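Both complexes below contain chain A, partnered by chain B and then by chain C.
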Partner chain A sequence: MANLRPVPEAREFDLARGSLRDLNLYLHKQAAADGVSQIRVKNPDGAHSIACGLNADLDVQIHGHVGYYVAGMNMHATVTVHGNAGPGAAENMMSGRVHVRGFASTAAGASAHGGLLVIDGDASLRCGISLKGADIVVGGSVGSFAAFMAQAGRIVICGDAEEALGDSLYEAVIYVRGRVRSLGADARFEPMADTDRAAVKNLLAQSGHAHDPAEFRRVASAKSLYHWHADANQEY
Partner chain B sequence: MTGPQLEESAGFDRPTIDYIQRAAASGLYEIRGLGAKRRVPNFDDLLFLAASLSRYPLEGYRERCATKTLLGTRFAARPIELKIPITVAGMSFGALSARVKDALGRAATEVGTSTTTGDGGMTAEERASSKTLIYQCLPSRYGFNPEDVRRADAIEIVIGQGAKPGGGGMLLGQKVNPRVARMRTLPEGVDQRSASRHPDWTGPDDLVIKIKELREITDWEKPIYVKVGATRVFNDVKLAVHAGADVIVVDGMQGGTAATQTVFIEHVGIPTLAALRQAVDALDDLNMRGTVQLVISGGIRSGADVAKALAMGADAVAIGQGVLVALGCNSDSYIADGRHVSALEDYARLGTAPGFCHHCHTGQCPVGVTTQDAALELRLDPAVGAKRLKNYLQTVNMELTTIARACGKQDVHHLEKEDLVALTVEAAAMAGVPLAGTSWIPGRPGDPT
Partner chain C sequence: MCGIVGLLVKNPALRSQLGALMVPMLVGMTERGPDSAGLAVYTAPVSGRQHKLSLYSGENQVEWSLLLERIAADFAHAHEIAAHGNHAVLTSAADPDLLVDWLGRNAPMIAVLSVGQSIDLYKDVGAPADIALRYGFKSLHGSHLVGHTRMATESAVTPAHAHPFTAGRDFCLVHNGSLSNPHLVRKRLEPLGIEFETDNDTEAACRFFEWRLREGDDLKTAVQRGFSELDGFYTFLMGTDQELLIVRDAFACKPAVVAETDDYVAIASEFRSLAHLPHISHASLFEPKPEEIYSWRI
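After this line comes the complex of A and B, so read on.
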């Protein structure tokens, strides 16, 4: 860490002056040992893999836009991006919370197992692809193939959804408030139950978005592709 | 007196007629396990030119021949060091039982080599038993998690598999028991598709960034392997090198699978022999031989195969189907309480027989290797399996060193292409070695003799 040292009283890293490697190494191995739980990152300048692989109860505030895989594989930590995020934000997150104050590019929350991903703006293509149990709240709209092959977890979309929403869903559930351009293979609208409205209310509250849960529709798997059979034709 | 003359069609022979009639009856393509059954040019089509007057051999039973193998020396702080250049290929928990994964780990640890996880995540059993464990990062990301990333010795990003490059995967519901379902975050009994593309990156430019993310997560300690199914190998290997791989694994079309469409297994990808030469050419073209290590897999069976692969330029091999056969796959019996028990009736129930079985996809493996059935999996005792596999790997390694000594090499990694000739024009062209008795390499400039 020759070129980058945290200022002890501010716990601040300036990526214009130091390297990503030093920052991540500090977050992985030193922060908890130093008793530091709050870290502020300045000048991310679109760097990739900021705060990925965290495994401690840290609060990381990133001021600016980030590149790919911010908070990838996150465990326990809270990571906030005060800007936009590139592809794969919070990919494979296990627990904790990742909050993108701006927009998120493709594959936000891909294969995330747990925790909460909040995107205040829009999310691009394949948001929540292969989701495995995490919750995602998108304040804006999502691009095509959101929740593609999503296995478990919940996605709340406050805006619209583009083509093929929920294509090849397994057990994940989508709540969408706006227009849906089209549903993907095996996805269908289902009636909202009280438990669904309660879930949406809870997730909106956690993410800081104010909407009436009654405005959301539920999308889930019709489960017609759960087993390989001749009538599925090329949809399988 | 003779009977009527029966003339079988070359184009519509009995297997073809069977195929068409089955397709007409079911409306489904066939899915099966293991690898290609058609004959393609392979390592059997190469021969060694051992030492004689122009080369000096080592004494076969006395002189030392090193087999130590280092993988991942390019960027990783902790490269993989193996005692032998023969590794166990990635095979999933789901395709195989936890007991089999345990057996693989025990044997590999005893002989000083690595095992590899597979689609479906890392089991506690294999981590405990395998001293050196390679953790696969697959498109499905089933069971993939950062704790196991940190517990692994290396990470292998799987782009494709020799049996089904570009095809993703399938684990049929009958093999999805409660534990498999839990590890994959899916309901029991559901046919589980494994995606053909990674969820969070597309293309070689993204792969550069993905590899760097994994390096950041592992603090640049663990080697990153990239595995490709053999298709456009020359370009794929160059792209993987540019993306920052430490080790490249190339899986030829004879590589096995737990369940894939037959049309894929037999008709997609190129033979291991051709793939290996293209991979080595790519590394040579980039001047990266020795910097980026190359592991070849897909139908490797014997010490002769390993020796030929190393002579052509591989740093190590990975074996999958051979490992399963060593455990008892396609054997007519399994071992219970030290006794051989016939499995013939169980083969017959599947409509097959020992030596022909490729029914891994059913989960009803008669010898308990490729099953998740609670009763059938008991047919493979991990201790017995580990002993058999250790014997097999040891034998293969002894064969390898025997050949290397005969070629005058004190280290198996000193075997070279100049030690090889080909038996057929096809193999000569694919392997880039001369047809035996000539200096002719088809497709290469030279003076035919």
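After this line comes the complex of A and C, so read on.
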């Protein structure tokens, strides 16, 4: 039986000619109604909040470097940045997939609840801060305070980590392959179980990064900060 | 929030385009700093014993040619003045310290924005695009520059509080961020005879580094000392007649992006101020790491 669904069309926005507001309005209000599922964005030139707040199964391909908050609050959509991202990439993502092919600035994936954030290059400081359930795969290295106060979700770091990795972690888990300059308060290395190796294998496969899961170490919360200790003398 | 921009051209053929390349960088940082803007541009040095003083009269109408006559009456040296509205560059073979004293006594409505053999300095309140137009930034020539767009958080919106700040000769600094101990730094420097012109936190950093330079530190060593002396958030961009330097504090909350090609090094708070530059798609792009010092020489 013939497939009667119309073939989804692609649509291109050139931000050197059109406005960012028109692009985001189209993505929010019109794309799904038009049956357009692929949107290509040219000349982003560091603009802020490109493809923010999406709530549909769209495939947005951004060709160039973007500024703050790309794909923030994303739901369902797949957003690919063929370039670098400014601060707060995919912050508060709920679901879907955000892929930064270059490097990402500070606070990538901050507070993200769900979905997958892939950063092929390095991530700057505070990657995955306050993570609430999303998965993050960083192909390069992360700056200081990665996963600070991360509550749920997983972060796979294929390179190194700077200072205070996993400071004040809750239930999120970090897998790191390279050198760790220092662990944050209450973060500790733990043995890798089969389930950990399977999780790393799966996330690497989803993100297109080829490494041996056996090379990764698990960092999780020692949970010593979960309860108040009157005699801890506030020396964490 | 503020915006910073810096540009150093490695290819001497681009020196005549320094201003034209920079204006879109500065205007691109308007959202980060809509209330004031400023620029230090480093030109080929004036010769021998000559120095340049960048002068600013603000709202006051100054007859610059008359000022030059009064200076010539008191100083038996060669002087010339290039005026542009309320801004002028005085070039003189007289001792610049004596000239600054003289201006303070005889023309107190005029602010001396900078002193040196290479530096010219412009700053004013208003939108960056208006200021760029007001002072003809597009046609400026030189080897490197340091620019700033300001959104005031720590002190008043006045030309004196705008960046760049200068101290000593041919040294300037712009700042995105806020210092938490500027008063302690100031208390330490004032007994050494170092005078402050404003209550601005950035001025404390500028005078601290310049003091260290006079004490014999090179700029990198001075900045290294700043890690333990200056507390707060900062991306600092600094210029001397020979060098452009950027550094971010340990938490790197204030952004910066560097683009480097064979022809230039361009620095801005955000990539959107670099997107127009020639061959930017082939530039090496990176964010300065916290507490790492990056500098380039002309």
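As a working rule, the second predicted complex is superposed on the first by the 222 of 236 C-alpha atoms of A that agree within 3 Å, B and C clash if a C-alpha of one lies under 4 Å from a C-alpha of the other, contacts with A are read in each partner's own complex, and residues count from 1 in each chain.
The working rule: a residue touches a chain if its C-beta (ideal position, glycine included) is under 8 Å from a C-beta of that chain, and two chains touch if they have at least 3 such contacts.
Computed from a prediction, not measured in an experiment: that's the story for all the values here.
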- Query: Quick one: chain B or chain C, who's touching more of chain A?
  - Reply: B
- Quick one: classify A:F103 as touching chain B (first), chain C (second), both or neither. second
- In the superposed arrangement, does A:G18 touch chain B (first), chain C (second), both or neither? neither
- Message: With both complexes overlaid on chain A, does A:G67 touch chain B (first), chain C (second), both or neither?
- Response: both
- Partner chain in contact with A:D45 - chain B first, chain C second, else both or neither: second
- Message: Quick check for you: in the superposed arrangement, does A:S124 touch first (chain B), second (chain C), both or neither?
- Response: second
- Message: Going by the contact rule set out at the top, does A:W228 touch chain B (first), chain C (second), both, or neither?
- Response: first
- Message: A:S144 in the overlay: touching chain B, chain C, both, or neither? Say first, second, both or neither.
- Response: second
- Touched partner set for A:P87, first chain B, second chain C, both or neither: both
- Item | Shared chain A contacts, counted only where both chain B and chain C touch the same residue | 67-68, 87, 106
- Please name which positions on chain C make contact with chain A in the complex. 250-253, 255, 270-276, 285-287, 289-290
- Message: Which stretch or stretches of chain B touch chain A in the complex?
- Response: 26-28, 31, 140-141, 144-147, 149-150, 170, 172-173, 184-187, 190-191, 193, 195, 199-201, 206, 209-210, 212-213, 216-220
- Message: Can you tell me which positions in chain A touch chain B when the two form their complex?
- Response: 20-21, 24-25, 28-29, 48-49, 52-53, 55, 67-69, 72-73, 75, 87-88, 91-92, 94, 106-107, 110-111, 113, 126, 129-130, 132-133, 148-149, 151-152, 168, 170-171, 226-231
- Message: Applying the document's contact rule, which stretches of chain A touch chain C when the two form their complex?
- Response: 43, 45-47, 64-65, 67-68, 84, 86-87, 102-103, 105-106, 124-125, 143-144
